[in-house]
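Read from first to last, the chains carry the letters A, B, C, D, E and F; within each, the first residue is number 1.
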Amino acid sequence: MSLNQLIRVDGRKGNDLREISFVKGIAPHALGSVLIRCGNTQVLCAATVEESIPRWMKEQGSEGGWITAEYSMLPYSTIQRKSRDISRGKIDGRSQEIQRLIGRVLRSAVDLKLLGQRSIYIDCDVIQADGGTRTASITGGFVALRLALDKLLTEKKLEKDPVFKSVAAVSVGIVNGEVLLDLNYQEDSIAEVDMNVVMTSDDEFCEIQGTAEKGFFTSQQLQKLITLAQGGIKKLINLQNQIISSEG
Amino acid sequence: MSLNQLIRVDGRKGNDLREISFVKGIAPHALGSVLIRCGNTQVLCAATVEESIPRWMKEQGSEGGWITAEYSMLPYSTIQRKSRDISRGKIDGRSQEIQRLIGRVLRSAVDLKLLGQRSIYIDCDVIQADGGTRTASITGGFVALRLALDKLLTEKKLEKDPVFKSVAAVSVGIVNGEVLLDLNYQEDSIAEVDMNVVMTSDDEFCEIQGTAEKGFFTSQQLQKLITLAQGGIKKLINLQNQIISSEG
Amino acid sequence: MSLNQLIRVDGRKGNDLREISFVKGIAPHALGSVLIRCGNTQVLCAATVEESIPRWMKEQGSEGGWITAEYSMLPYSTIQRKSRDISRGKIDGRSQEIQRLIGRVLRSAVDLKLLGQRSIYIDCDVIQADGGTRTASITGGFVALRLALDKLLTEKKLEKDPVFKSVAAVSVGIVNGEVLLDLNYQEDSIAEVDMNVVMTSDDEFCEIQGTAEKGFFTSQQLQKLITLAQGGIKKLINLQNQIISSEG
Amino acid sequence: MSLNQLIRVDGRKGNDLREISFVKGIAPHALGSVLIRCGNTQVLCAATVEESIPRWMKEQGSEGGWITAEYSMLPYSTIQRKSRDISRGKIDGRSQEIQRLIGRVLRSAVDLKLLGQRSIYIDCDVIQADGGTRTASITGGFVALRLALDKLLTEKKLEKDPVFKSVAAVSVGIVNGEVLLDLNYQEDSIAEVDMNVVMTSDDEFCEIQGTAEKGFFTSQQLQKLITLAQGGIKKLINLQNQIISSEG
Amino acid sequence: MSLNQLIRVDGRKGNDLREISFVKGIAPHALGSVLIRCGNTQVLCAATVEESIPRWMKEQGSEGGWITAEYSMLPYSTIQRKSRDISRGKIDGRSQEIQRLIGRVLRSAVDLKLLGQRSIYIDCDVIQADGGTRTASITGGFVALRLALDKLLTEKKLEKDPVFKSVAAVSVGIVNGEVLLDLNYQEDSIAEVDMNVVMTSDDEFCEIQGTAEKGFFTSQQLQKLITLAQGGIKKLINLQNQIISSEG
Amino acid sequence: MSLNQLIRVDGRKGNDLREISFVKGIAPHALGSVLIRCGNTQVLCAATVEESIPRWMKEQGSEGGWITAEYSMLPYSTIQRKSRDISRGKIDGRSQEIQRLIGRVLRSAVDLKLLGQRSIYIDCDVIQADGGTRTASITGGFVALRLALDKLLTEKKLEKDPVFKSVAAVSVGIVNGEVLLDLNYQEDSIAEVDMNVVMTSDDEFCEIQGTAEKGFFTSQQLQKLITLAQGGIKKLINLQNQIISSEG
């Protein structure tokens, strides 16, 4: 069955993204912020700046700056309340892995030498989790970063735009043998394969993470997943451009 | 000078509250949730339920349930980024004090024996901090709790409403010798006296915490502060009642 | 019934303090130390000095010094053994709140600019807990601080006495509808209202913390509690002065 | 230039694995253990068994067992000494990510329901790190697991072999524009793209993790990397089979 | 020079103990408590009881009870303030070693099977440290334990006295080539050899810990140190017996 | 019965060491490393160097360097898997005590002033535990240290050999009333007395730690234990010398 014939639990076709929307300026004390909604998934993404660099960079005598990310699920973002990291005394392994991914991806999109001796934090706090929170964090995190850098450029704190290219992320997966774009939680929880793909505005790959949850996947399936992700990313990059260039 | 002649930094008179608004249902996975705005202060308040009680209650063989609160400032809520508790490895002393206060106050408003063997968490996450985050958390936290309990009553999980009375909180203070209601951050940071007052819908006191930040205060000043708080609380209780009974 | 007719569990009248005594020099390695006894409550209060200031003060370029407090209940101070903070891996929320209070109050009594670039620690270790440990810690802590400052003045390490005024603290509460001064544990555990009041030698307020434990309290009750506390504080300030000026 | 013409820093061609060897029984108290060497990278892999399952599994009433992995670099495995996790007070983010990957991959190879109510720990301690420690841990970890399960089968503690398929892992990357198999540390540290691939004995994918470290990669490059990894995995699976079936 | 000719910094001869005194009942909420003073060293020793045993004992199905010790130096016990364990986030290595020693020694003096299913905590909090705090903690800790057990015997909670023998501890050392008994801090800090000896009322050894701090020691020196310790222990056991059998 | 008539569980006589062997260079990234085997006990000992000294030494303005040790049991070294320190969130009390001992002993053998402003870490990781891991760590740790210092001497980073004397350690004990050398785990677990003795190549004592596990021990028994240890140490020093001076 072709992807655009398949009807999914929420009425989408196989190659449909969920409805995506952005609200800019949600956290006014941040230099750039956006609330991203991908279907029922909602993530607060905020970029804040510190006019210093991490100690290890100083010790290495690095020029330029740093970008780091923090990802956290608010306790009420899940159907069963999720206790805070600080209550358990340590950061959740999954959260740590996700925030390392977000930071790595956003750094790859930026020429850190042009940032100056400053650190940019990208905080991603999930208000509602319905699948795809890490990809929404990357897609929204890039918007928050872009808004913050635009402000630094306007304020003449940066001379030159340090961004190489836009980046966005989407999930793809195999559910009941069908290749699907942008899985929601219900689909994700029964998927045979789950893959997160991060790409640039020039159709290149930044990061691929594919995991067989049940059984394994073949070269042919891998190819289909990649192609599907490419289509989704193009739409996301367009939506990012619209919100970034909008007034307000 | 009388309170309603004085003009404050943000144009308010001495006995004016800041503009207060509520958005219900901001965190759909929670049983009750509200975004409270008091001027520029914004707090996400969400009530979630676990069908079990803390271990120490079990060991004591307690009937009834428990209400606890968690308060946290999101890193981008302040003008200088505030690092997360988990990054520093321990909960902030001030946050711990505030969440103990919120929990204590909300428990005092509820007959815990009527709650059944369940725990209600009131999470208060500050999105923007401009003074009065603890009082906004109490006022908004009560709304989230009330919405959650209404849902439990509708679902017949509670037989009888366990709430004794509404509670709300407001700050008062002395700034440059003047007694002021509902201080914003700019006022709070230079106040001689800072006082948080929690009261019921029947004009009784639930909690008073007054601190001399510079110098000390007299019995006369104490009396004025209390009277001013009483007026503010009445308005807040009215606003709470409106949002709770509104559709949606 | 008037306060001085009421007979309490330990034979006191409503407006009686418990028996108060002080032993100076209990910890000879500290610069100032005192064992305060309020009835059966006993707290070791010691002031020690470090010739440096906290890092955040240095970073702010602050003149002057700092005063901080640490409060801890020894494991054998309570009837049920209380496990040490380090055994549970984190400081008790209640202890943290109390030590923040003690520090705040003692700092308000002192002109920190006159302290020089030094830090004074006020350690309060409870040997026996029978209610009122936080107020005993403040009252005793001020004595330890005063003794330490006197030594610094004698040693010419301070040019000018940095203390503005004496401070002392007492609890008041409502038990079975009666307003009582200086509650012991038995009274405290059944109190409807519990209030801690910190005042100066000039009958001004430094801090008020009142909590309704069961039900709520009215403006009239608040007024009575405050008046009762004022009387108790006067006596405590007198006793502080006696021990400070005594030989040895 | 074709892969088998290219000469690398250590004399290998582009599609050569490093020399691989295994020493069985290195940790006699473990149920299965192996020292894997991939060039200069050395990892101690040991499988130990506990006759109980994690609490969350009990609470879910799960049938079957669990497999989990712990990965750690010994302090002297790197050229600059790496301080122990316990000295820094928390597990290294990178280590946590790696041990989650190892555990996930090994669980995918096993029918957990056939394991019985027991937990298998796969410990991977790196003695010498020269690139590819995570893939060596997976390849060696599978051998340790296989040896432990063989012992449980021999001891009749398992009725049926729970392993679906063998799994092994290898890294591929792009260095100076060339696609290379099994990067050593020197290559890895300058690679433009780094990819870890985990596959089964049936040429299927279990996990793909590809990261652009500098610049980005195209669909064509992705295809080449995948093909190169497939060749390496086949050789590794053969070597695993040899050591598993060897005497001793 | 013979030991009783040598004159030490504090006027003692080589084989003199410092002045020892005990104050019983210093912590009235404990079942047994004593303040031990050995010269300027002062330690609060308290025995408290919990009517349960540690989880690991339950899991082993052990009969009888457990004795454990906690040792802590109060921050003002040393000349330079010593920060609390909880401020550094972990227990001091030296403190942990000492409390393991105290617990081990006291357990060796008691038939744990006769204790019943209860745990006894021996808390040793140092108020003033002038050398020999660990040996004072053992000597005083045994008294606190003995007093607590006597109370349990009186209350008929124990049928039979579980104590095998009395134990006490003393330090010996080599300072400037001279063998000395019961070192104070000044002596201890320059000692070539430091040895702690724990013995019973029957002149047997319970524990010996000797360390060469500078250089090493010979068999002959070892013999002299042992003999000196034996003499000191005899006196300490006598003093313990006096305070235990005294009124009050 | 004389020591050389007694036949032990593993066939040894009372005064036999277990079979000892060393493998040099086991961790090639370390400056010096050795795998020591004492019977079934196996410990990885590695010496690594950092060209800086601890902060506390800098603050004291100390000349010279520092030696510190870290001891850890790998999870699969024991018959029941031992969870890692980081999983329990704190270092094991026993491990901390042992690593303090190893560090203290190795420092006593070295003139720290001749080390230069550098720190040497001696890591001891137990691969297999069968009794005597702390003494094996000392004996092997000294070899690793010696090898590292030889390399620093060869590289002209040290002008003069800072080692005073060789040190080695052995356990002795009383089992079923018999005095035995070098206890294995089975003997250790039933021993009445357990003693660890560290000595130099000149038959002097560096450290003695003797503990009565059941009952107590007399002066006569102490003498016998010491004599037995002296004999064992001599053989160990010989074996150390052989491995240190061997090729490779």
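As a working rule, a contact is a pair of C-beta atoms (placed from the backbone, for glycine too) under 8 Å apart; a residue touches a chain by one contact, two chains touch by 3 or more.
Note that the coordinates shown come from a computational prediction; the quantities given were computed from them, not determined experimentally.
The most distant chain from chain A, with centres taken as the mean of CA atoms, is E. Chain centres were defined as the mean of their Cα atoms; on that basis the chain farthest from chain D turns out to be C.
For this pair, chain A with chain E, the centres built from the Cα atoms lie 60 Å apart. In whole angstrom, the spacing between the mean C-alpha positions of chain C and chain E is 33. Each chain gets one centre point, the mean of its Cα atoms, and the points for chain B and chain E are 51 Å apart.
The set of chain E residues that touch two or more partner chains comprises 89-91. Under the stated contact rule, the graph of chain-to-chain touches is a ring, a single cycle where every chain has exactly two partners. Listing the chains around the ring, anchored at chain B and oriented toward chain C, produces B, C, E, F, D, A. Note for the complex: chain C touches chain B at residues 90-91, 93-94, 96-97, 100, 104, 108, 165, 195, 199-200, 202-214, 216-219, 222, 226, 230. Listing the residues of chain B that touch chain A in their complex gives 26-30, 33, 40, 44, 46, 48-50, 70, 72, 74-79, 81, 84-87, 90-91, 121, 123, 125, 127-129.
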